[in-house]
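One chain, chain A, links the two complexes that follow: it is found with chain B in the first and with chain C in the second.
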Partner chain A sequence: MNNRKTSVFDGILGDNMVLSSLMVISPVIICGDTLKNAEALSYAFTSVTILSMLIASFVPKKLPYTVKIIIYAMISSLVYIPVKVATQEFYRGAIDRIGIYFPLLAVNSLIVLQSEAKFFRMPRAKMFFSLFFYVVGFDIVMLLTGLIRELLAYGTINGRVADVDLPVSGLSQPFGGFIFLGLMCGLYRWIRSLVSREKKEMRSEPYVSDN
Partner chain B sequence: MFLITDLIALLAANLILTQALGTSTLFIAAGNRKNLIWTACTITVFTTVGSVAAYITDRNLPEKYSDYSLLIYTLSVGILYVILLSALYFISRDNFAKTRKYIHVSAFNCAVMGTLFTISRKASEDSSLMNLGSYIRAGFEAGIGFILAAVILTAAYRKLNSVKVPASFRGFPAMLIYLGIISMAVYALK
Partner chain C sequence: MVKAFRKERIVWIDLMITLLVLEVMSYFYYGPRSAVLAGMCVSAAVIAEILSLRLMRRKFTADDLTCTSDALIIALMMPPVIDMKIAVLAVLFGALAAKNVFGGRRNMIFSPAAAAYVFVLTSWGRKLLLYPEPHTKTGLFDDPEGLVSSASYIYNTTGKVEHTDFELLLGNFTGPSGAVSILLLAIAAVMLMFRRNISVGAFLGVISGTVLFAAVTPVAGTRAGSVKYSLIMNMVLFASIYIVADRRIAPKREYFAFFYGLFIGIISYILVLTKALENAIVIVSVLLTPFALALKNLEKKIEMADYAERAALRENTAGAADLPEADEKEADPHE
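Our next item is the complex of A and B:
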């Protein structure tokens, strides 16, 4: 039971895929400047990743690693097609705004790299449970980034004018995305060290002395 | 002056600094200079050769089937992935185990797939770019841009991972902020 509880919070806080491992950060940096973009990206990422991993988990384990990776990427590219059609229905105009980052979600590193390295080594039920919370972890970061950047960059929330007099227009640009995500990463690590008292682990991360 | 103009153009079109494509791969590979150089070179091979596949796809795929372009790009990169691994195996079996990781890391990442989509989008906006030469040149430039960003990150890697940086910001967060500042400078150049 303890293991299961740990795996649940791993994806959200302990090992958040964006803030801890810096996976799938391009859409967060470039497209996470409004809540509308963030909603569409979260929806697409959740659908493509969960459906693809669900199907890919039935691929025979005995196949060579390279063949499996190509099959996983092909599966997610196929799943992407109906997800794109649905996104066009639910989030009109979102695909035009998001541009090339939309198809890139289909070949994200959670599907093509972490599937073999982590998820497909777990029992199937535990894998889906863990995967779900990793995806939720991405969605939380994506939505939070979209909300804060939109508020500070445009002075709006979900397209509605908010009473904010300190627009920082640079936050809507890619460099604003880099800096904002860097600050969020630092804040996340600080909170994680406070919550789990993992300061010792943080010190043990590779660093190079100035001397 | 000509070189400076070219360098500015290369920076302005840089896939990492302006589009954040392949940033995670860059950070992972940045820990070791040799890894970084080989990863960047392998990505350049993928973007350059992949651009040929993108050209053939864009040229022949009817507009109404454009949703299938991702599937065809993925298949093309997959075939290239197998060809490169096979070539590496036959060229040097002794070094195969050591060097295959660069191909595994480079195949399906945002830098490669994003480059193919970027080239395709530019060609659809400007028909003069819809030729094989433009595709290959754009694919090669994207790879060179990745190498350039790798060099920029390597220059500050030791400082960004220094013990003098607060523990919470050491490593990835500091590298993100650093790239953000470089990206801001490139934005100003455009």
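Our next item is the complex of A and C:
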């Protein structure tokens, strides 16, 4: 049982949805091989998730759980339509490259599972900020993955050639994505344990007066 | 427990002896570059192991030297003229991403050497699958010239082998520097099997699967030829000894290990036959890792069930033995 106090900023480091809970990892692994893909996915994920959750928060809580989940999915599917049109405008060709993982963002686990389990139990203002930082947490991981994988696998940064001596093209493939994400998860846990250890040490230090 | 630790070290020493013999043969065919490549791989493996153990707050012990045998296996699976940076990256990948990320040598999921080979194959496949001719000595800092496809590639695509049996036995044909010395590999297999350093079941499983399918659906013209070349080419013998039959990966029970090896042998043969996929056995051994894990879990469950059954039996016998004493005590009213 987790007795840790929750904060609205948890979504970035304390409880990052990709690195800690391993949610929405398939687009990160399969499509996060270039920065352009990562930008398009981050934009679509942010828009679909925040708008859908805000609208869905007005759905009456008295409805049965199953009905509510179906309504949330329908809302996010409706929100997906303008987001897709905008993505086609801003990131040309991105939807073709991303393929099936783009429409699947409309039914991501943050909307379908975490909405009822976590977010809709909070007051609306707190929910909005908490959700925002969860989405930012996803975006940071997605963009970092896209940047590093593109640099190492293709020797480019956002399509511009960088001076990489030995590109590791295996990283552009899904198995490379799995391994890269695994290493990032390990690094994330290590950083989190360092932070929590420092906090514990600070708490256990006795108070010494200057007088 | 102490016996298990000692055993691990003895297995490592035996493996290293056979691998060093293969490395000597590689030196004979390709010169000092082969030895330098092996040295670089082993050094990189030791450094990576020490660093990752330090990060995990563990001490580097003699048992952790098993990383050197993995590094030597990686070096022997590559062309001796491969870029040193690629070889070092492969070793680092094997030691860090394929082994220590999962908890080190006691929690291994993949064979580090096989995972590293697949990593190099997906990233620098062209450099990995072009080899120098035997007796071509390339300088340490020279760019390799006159690289050709391996004899395995020619066999997979045409079904023909233009080498005498004597050349094949001595490893005088193009291919990975350590995986071509068939005579030495056969001797190593027998020695390691008798000393129980490799999983006999897994090794025999691979050989049986390959022989069975090579006889039923031959790649070469004759069945006998197909059986012979299917065992020699595509690193089948090398990988079945050092990767599939690795005791850290294969199931413990020989019966389960046999089927694990059998499936690897059959699937890799089918891939060679239908797709002409070079060295398919290494890729298949990585892909069938979940199968090995499932078999190991099954073994654990069987062991637990056996243990519980024995404990229940012991309790029943003890209960039956106690029963007359209790009756006697109850029967004696003066106590």
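Everything that follows uses one rule, which is that the second predicted complex is superposed on the first by the 190 of 211 C-alpha atoms of A that agree within 3 Å, B and C clash if a C-alpha of one lies under 4 Å from a C-alpha of the other, contacts with A are read in each partner's own complex, and residues count from 1 in each chain.
Methods note: a residue touches a chain if its C-beta (ideal position, glycine included) is under 8 Å from a C-beta of that chain, and two chains touch if they have at least 3 such contacts.
Note that the coordinates shown come from a computational prediction; the quantities given were computed from them, not determined experimentally.
Enquirer: Could you look at A:Leu131 and tell me whether it touches chain B, chain C, both or neither (first, second, both, neither)?
Expert: In the superposed model, A:Leu131 contacts neither chain B nor chain C.
Enquirer: Applying the touch criterion given at the start, work out whether A:Phe175 contacts chain B, chain C, both or neither, answering first, second, both or neither.
Expert: Both partners.
Enquirer: Let me test your reading of the model: by the given contact rule, A:Leu166 touches which partner, first (chain B), second (chain C), both or neither?
Expert: second
Enquirer: Between chain C and chain B, which one touches more residues of chain A when both complexes sit on the common chain A?
Expert: B
Enquirer: State whether A:Ala40 touches chain B only (first), chain C only (second), both chains, or neither.
Expert: neither
Enquirer: So, does A:Gly186 touch the first partner chain B, the second partner chain C, both, or neither?
Expert: Touch status of A:Gly186: both partners.
Enquirer: Could you look at A:Ile70 and tell me whether it touches chain B, chain C, both or neither (first, second, both, neither)?
Expert: first
Enquirer: Do chain B and chain C land on any of the same chain A residues, and which?
Expert: In the superposed arrangement, which is not itself an observed complex, chain A uses residues 170, 173, 175-176, 179, 182-183, 186, 190 for both chain B and chain C.
Enquirer: Write out the stretch or stretches of chain B touching chain A in their complex.
Expert: 17-24, 27, 31, 67-71, 74-75, 77-78, 81-82, 85, 104, 107-110, 113-114, 117-118, 121, 157-159, 161-164, 166-177, 179-181, 183-184, 187
Enquirer: Taking the touch rule as given, give the residues of chain A at its contact with chain B in the complex, in rising order.
Expert: For this pair, the touching residues of chain A are 21-26, 29-30, 65-66, 69-70, 73-74, 77-78, 80-81, 84-85, 99-101, 103-104, 106-107, 109, 112, 170, 173-179, 181-183, 185-187, 189-190, 193, 199, 202-203, 205-210.
Enquirer: Chain A touches which residues of chain C in the complex?
Expert: 55, 83, 85-86, 89, 97, 101, 118-120, 122-124
Enquirer: Provide the residue numbers of chain A that touch chain C in the complex, in ascending order.
Expert: 165-171, 173, 175-176, 179, 182-183, 186, 190
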